[in-house]
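Common to both upcoming complexes is chain A, partnered first by chain B, then by chain C.
Let's look at the complex of A and B:
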């Protein structure tokens, strides 16, 4: 499948106060396919957030090249065009919310693109629904009066209202309770299914994204260590542990069960796991 | 690209000559230099600028980089130069239509814009080489006589130091929020000026929210760690003026003052 976004030896350095530079990304290369959920995993300071901003066209690589749809993204006008295709949800939802009501905030992006009238209303409603936010209940409230999980959903709706072909999320599951995580995972699954969009999730915490992601890029100190499919990464617990990351317990359990001869199961489905465990133990549950 | 500048008011952790000078002497030298920048003109000002540049080159401060990253200062200096050059009466040396540049205008333009740049350089040299907390200590020490007049000096200096400490943070936050809003449709690079002004609001609101929240958290954190200013507060590293500091400052001020002879 032709990739939608690809990075070819992309580097990025921040200038240090005074002299010198700090390298945040060192020759990172990977491709993201259409409709794929791609996770960039790495410990704090591994360059993930910089990578997210490079993918969204907010930072221009200081080395290497970024390609969208096979075309090199170079120069200001192409970066601006890329920003229309790629949406980015920052880690802190507060950085993106500003309007006096949630509804107006969600409408900000489409308004900037010149969308007005019923079409605007429709895109706001559609985005709120996708993000799992009840517009009747929250639409008239101030975004700053919401809980962290609700704020994250409002900010996500603001990005989804632009219907990006590629959605980049920076640490979307951090700080969310179980309900918040479930809502967010459902929203991402829904957006991928309905729009066929690619989703890039940048995180150091694998539990939330594990059931969603097709492939994982593991990063450390600005360098890409490897790109692996979920089933291949499930056996790399020690490698991830050395980087301060942890496989979800149920992912480890699913792998162990598969090694004992159980059929492959969706590791985030407790019933399927129980059935698999039962099959290994001779039909008991 | 956004986010690649050095900001004024930012401290550079380094080990230059100026980093070791007692902050009180630096503050006094900056006040003296500010006065001299306004008192001197012509060759004396040029020589004083040379003296400052020499000092900063010896201290290995990346001043050119700082000046380059301050486009606003250059714009102000340029506007000052143009206004002086075109509007000051004197002997006309260049003429085109209704525009004319006079000799007095040209020299005044160079003088005033030069003074602006020198002031920025002097202040940047102070903030780049002095950590905000030391600067606050220096101000508190220098303003101590005012406490006899019941002026709450430590409160004033705490506010000043926290403000100085937060300026680079606030600038960094504003850049981050700008990028966050660009990711959801705001266009800060649009040719349409009205649109660019309108799109500042989505940056200002989250920035204010963040600044107020940070200020609140800082106050709680200071309280929680039993912060108390004023007479009761002692310091782990009290300020101490060494003979090298005094000698260096006296030599610099003597050299600067001797320029009055030019």
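Let's look at the complex of A and C:
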């Protein structure tokens, strides 16, 4: 399938006043396919957030090219067009929210595109519902008076209200409770299914995204180490550990069970893990 | 340095409602934190964890009930000055608490505000940088550091106050696994030195390693006790809106299949070692 978003040897350096520049990305290349959940995994400081901003057209590469639908994103008009297609959820919700009420904040994007009246109302409601935000309870409140978890939901709703074709999420699972993580995973699955959207999740915490992601790009110090399918990465616990990351604990358990002679199982299913554990126990109780 | 167990924070029937809200963020919370122990503070989003953390540092004063910190009863926000010698806070996002142009100046900020003599500030800063494992970063700019390094700067800043309690409001949530491990290792060392750590987190495996677990739900204490008592039963944990540890979920399934795994299994290592036995 033709890729929707691709990076060709993308580099990005931040200028440091008086100190030259700092390379955040070094010749990174990969393609994201339509309808794919693509995870960019790397430890703190590996260049992930910079990469997210490049994908969303907020930063222009200082080397190499970004392509959307096979065409180079060059010049203002192409960049502006890209920003309409790609929605970015920032790592920190405070960086995203600004309006005096949650509802106005979510409505801001569609309003800027000229959406008004019942249609605006509908897109705000739809986005809030998808993000798991109770609009009745929180819509009239200041985004800055919310708990961290609710604020993150409000920020996500603001991005979803624009119905982007590509959703770029920077550490979306962080600070969310169990319910929030479960809801977000379901929302992303639904969004991909209903809109055929591609979703790029940038994270250092693999547990939340593990059951969703088709492929993982592993980053370190601004460089892409490899792109792997989930089943291939499951055996790379030591490699991830050396980078300061960790396989989800259920993936670790599945591997331990396999080492004890259990058949391979879907590691995110506790039921299957219990079957595997039971098989290891044989006739014992 | 405080001796282990010399100090405590006692909450009695603490209730707090944010202005303009109907439901209280904390509702009759009574609890006692002892120095020299690591507490995990758990609960779903909006359950009152951050509000509780702020009451311990006199950033918030309860509407009713009392908070007593090392013998000081918090009656108004003006008690913050006395309390801040006893309790230090570290927040989720270290950027929100960085003010100094260099790491050492950042760490010196708190002790300077206490009006301490220069020598004493110097020795506190050196000890805090050493303790947080960031002595090599002393002259770097805090905002140029990685998230993990910044969080250790924030902890060093908190330690330079020589507190008896360190309150961490999800300070590990933005850190990668290895930075998280270093911060938790640091918490462990501080505990050995007699400091009480109150660590709000969503990471259940961090809670499993605590001495005591306190779970809030809708502003109330929903459960408290040692990790095995609070987190061992997957169904009960789910009821509290928390993510049961994977080993306890598998144990739950094994029980449903007629097996009889021991009660105390909490971690993957414990489960695997039982399966091997």
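The rule we apply is simple: the second predicted complex is superposed on the first by the 262 of 285 C-alpha atoms of A that agree within 3 Å, B and C clash if a C-alpha of one lies under 4 Å from a C-alpha of the other, contacts with A are read in each partner's own complex, and residues count from 1 in each chain.
Everything below uses one rule, namely that a residue touches a chain if its C-beta (ideal position, glycine included) is under 8 Å from a C-beta of that chain, and two chains touch if they have at least 3 such contacts.
Just so you know, these numbers come straight off a predicted model, no measurement behind them.
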item: Clash-or-fit label for the pair chain B, chain C on chain A; value: clash
item: Which of chain B and chain C A:15 touches, first, second, both or neither; value: first
item: Chain A: partner with more touched residues, chain B or chain C; value: C
item: Partner chain(s) touched by A:273 [first = chain B, second = chain C, both, neither]; value: second
item: Touched partner set for A:110, first chain B, second chain C, both or neither; value: first
item: Shared contact residues on chain A - chain B and chain C; value: 94
item: Contacting residues of chain B [partner chain A, same complex]; value: 1-6, 10, 12, 14, 62, 65, 176-177, 179-187, 189, 199, 201-206, 209-210
item: For the chain C and chain A complex, residues of the former touching the latter; value: 18, 43-46, 50, 92-93, 144, 146-148, 170, 173-179, 202, 205, 241-243, 245-247, 249-250, 252-254, 256-260, 268, 271-272, 275-276
item: Chain C partner contacts - residues on chain A that touch it in the complex; value: 16, 43-45, 91-92, 94, 145, 147-150, 171, 174-181, 204-205, 241, 244-246, 249-250, 252-253, 256-257, 260, 270-271, 273-275, 277-278, 280-281, 284-285
item: Sites on chain A touched by chain B in the complex; value: 14-15, 17-19, 53, 56, 58-60, 76, 80, 83, 87-90, 94-99, 108-113, 144, 158-159, 162
